[in-house]
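Structures given as structure tokens follow.
First subunit A sits with subunit B, and in the next complex the same chain sits with subunit C.
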Partner chain A sequence: MESVFGLVGKDFGIVAADTSAVHSILVHKTNEDKIMVLDSHKLMGASGETGDRAQFTEYIQKNVSLYQFRNGIPLTTAAAANFTRGELATALRKNPYMVNIILAGYDKETGPSLYFIDYIASLHKLDKAAFGYGSYFALSMMDRHYRRDMTVEEAIELVDKCIMEIRSRLVIAPPNFLIKIVDKDGAREFAWRESIKDAPVSTAA
Partner chain B sequence: MSIFEYNGSALVAMVGKNCFAIASDRRLGVQLQTIATDFQKIYKIHDKLFIGLAGLATDAQTLYQRLVFRHKLYQLREERDMKPETFASLVSALLYEKRFGPYFCQPVIAGLGDEDKPFICTMDSIGAKELAKDFVVAGTASESLYGACESMFKPDMEAEELFETISQALLSSVDRDCLSGWGGHVYLVTPTEVTERILKGRMD
Partner chain C sequence: MARYDRAITVFSPDGHLFQVEYALEAVRKGNAAVGVRGTDTIVLAVEKKSTPKLQDSRSVRKIVNLDDHIALACAGLKADARVLINRARIECQSYKLTIEDPVTVEYITRYIAGLQQKYTQSGGVRPFGLSTLIIGFDPHTGTPSLYQTDPSGTFSAWKANATGRNSNSIREFLEKNYKETSGQETVKLAIRALLEVVESGGKNIEVAVMTKEHGLRQLEEAEIDAIVADIEAEKAAAEAAKKAPSTKET
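Now for the complex of A and B:
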């Protein structure tokens, strides 16, 4: 079961997700990127039905770009979150997307923010959030150690503590995690936490 | 678990002497897990009209957005705010529109009508209005709330006494319900001012 979690620090946001793509009992791949970079200063970590996840996050990313092309300015994190909720809510009673989303962004005027969006389109602005079976461990760890004014180093230490708990206490624990960060310098990959590496693939000469 | 109990909520509105109070709990949960302890369930439509939405959080948010839209349009056309009785009929109509695919919400409406006479009502998820002269309740803690309000309520209470009564009724009821609680949010509305207060109760 997929784990996604995120938190907001002094002037940055962090989203971490596991990277296994699973189909019933088979692990297709262990380096699947589930944290979409929506634009220069937004991250959307998603968990749920694989096809819905890939399609829906890409759809949101393209619409966020379209807004910027049409209007010349980027969406705020709050606006992107509300747009996402609107799309999920409209689809809910027709053809629901089974995707849970953690949206983290950095706005120049308001600083970092994080939004929790359920698969049934419940939206809430939070300091820390988690989805999946891993949430039982990640949320407890964060409740204990989290502070609003954490530095990046302290936050990564906390993320590592959460990953350690998930790895040791979840029966089908995902082996690898990806951590992405968003701050005033933009949204980017921060680190991988791997315990299983895919074998290198040889290509035809 | 019923869909109405997915997120958890407790709402109550009470009538006093030329004033009313509307209160809610603050928990947002996903079944047994608590997600947030500062979730807003009471929304202001205008200075003398408030609506609380119990039930499924996503439908409460969608319904609130639709109601704000309708009220803003009404304000532009009529050049005045909606009366609480009119608003209650609007909510009832919106809910019955979805009779065979309803919003899983139970609204609690409280406002000051003509000559600042307090008005409260609640309805079920398909818009059956229930007007009351004393108090209305909604949410997963509604049964406890009925008992608490029935025993604590007196007619024609002044604002401060009304605040005490509604707060005690809310906190004692949510303590018996695992899906609601984590504090309280109370709005006290008189013809001249609106007071918003946060209650600290048992945080569990």
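Now for the complex of A and C:
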């Protein structure tokens, strides 16, 4: 029941993901960060098998760092997306990673871009994309309201509309969402959308 | 003697590994490199041998970073350096991937020294012909460190050190003039030490400064020229002060 979706605006990219960590019928936590900051100007939102998600995204992040140290310049978003797809493709017929990825990045020369990479290593460059059961609702909302040159405020309004749909129409809807943004100033956390807060752990007296 | 310097896996009767010692010779022929550790700043300065007019000097970087908080300079065979640096960079990321923490300076120095040692105890290979100066801040405690490794695979920590051409004279200078410094004073000390054996001027020296907040920063030629000018002025003033009292006596 995980949801990850993203869209590209005038000069920024947004990735939103639910923050539930679920095992069968148990909710481990409701504030799990599934959107990895790959480097200063890239976001990788991932959904799928929990262990694979953490392992694969960290592996990609360390390889992106290594490229930067070896070559003195960062990877472009397109290059990072193709590298990620390549790793998924190589592992596919042996030991597949069950991870779906939305990769958003900002390059100085080409501006913002968004890539849809699914667990069987399909790669699509898109303006908007979504994964999970929530995608039925998020994609429909985005198809209706999305425009190429949205401002940050308009885009966040659209993201909130998608979250509202998922919350109200999906049977076991994730309660909390995390939104991250990437633009010329870098990749960073934008906002949380919480309907349940984890109770603070009380320390023994 | 000639019989004991072919394969490095063979000791000579008086306990030498000749190939390793010859590798140290190669280091002694390499460009001079100086490292100085301050309280909040660590500086690496490397001699830039005259660049051919047509060569793009930006493609020849002598001070490189291994990770956000670790940098390396070396003296000796530059091609060997490329291989060692590449392995060290991979190890920095690999360690972060498995341990979720950045490497300590000591760890990566031990790793590089371990690599260098491996090649002194294998068949059919030769040692790496370079000594490295490794600087960095401990990711948890923030303490600055300076380490040196050599072709035999030994490593140790230093307050200030030099390697490469004329390293003995530079080390003598440092032993005489070292004191705990911080910030710009550390930079000046490193450049003064290097100027003992290198022609003065920004285009003959490459300098990089590492601080906890800003990581590694390569100094521009103009900046280096300015500091060199400062140093020369201080030297001239010291000379004048030495001469002044004697003229009063006449």
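One rule holds in what follows: the second predicted complex is superposed on the first by the 202 of 205 C-alpha atoms of A that agree within 3 Å, B and C clash if a C-alpha of one lies under 4 Å from a C-alpha of the other, contacts with A are read in each partner's own complex, and residues count from 1 in each chain.
In this section, contacts are C-beta pairs under 8 Å (C-beta built on N, C-alpha and C of every residue); 3 or more make two chains touch, one makes a residue touch a chain.
Computed from a prediction, not measured in an experiment: that's the story for all the values here.
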Please work out whether A:Glu58 is in contact with subunit B alone, subunit C alone, both, or neither, and reply first, second, both or neither. second
Please determine whether it is subunit B or subunit C that touches the greater number of subunit A residues. B
Check whether A:Arg70 is in contact with subunit B, with subunit C, with both or with neither, and answer first, second, both or neither. second
Output check: A:Ser40 vs subunit B and subunit C. Expected answer is one of first, second, both, neither. What do you get? neither
Touch check for A:Ser135: first (subunit B), second (subunit C), both, or neither? first
A:Thr50 contacts which: subunit B (first), subunit C (second), both, neither? neither
Does subunit B (first) or subunit C (second) touch A:Asn31, or do both, or does neither? neither
Mind pulling up the subunit A residues that touch subunit C in the complex? 58-59, 62-63, 65-66, 69-70, 72
Going by the contact rule at the top, pick out the subunit B residues touching subunit A in the complex. 7, 28, 30, 33, 35-36, 39, 56-58, 61-62, 101
Subunit B partner, complex, touching residues on subunit A are 85, 89, 92-93, 116, 118, 120-124, 126, 129, 135-136, 139
Under the stated contact criterion, what part of subunit C meets subunit A in this complex? 61, 65-67, 86, 89-90, 92-94, 96-97
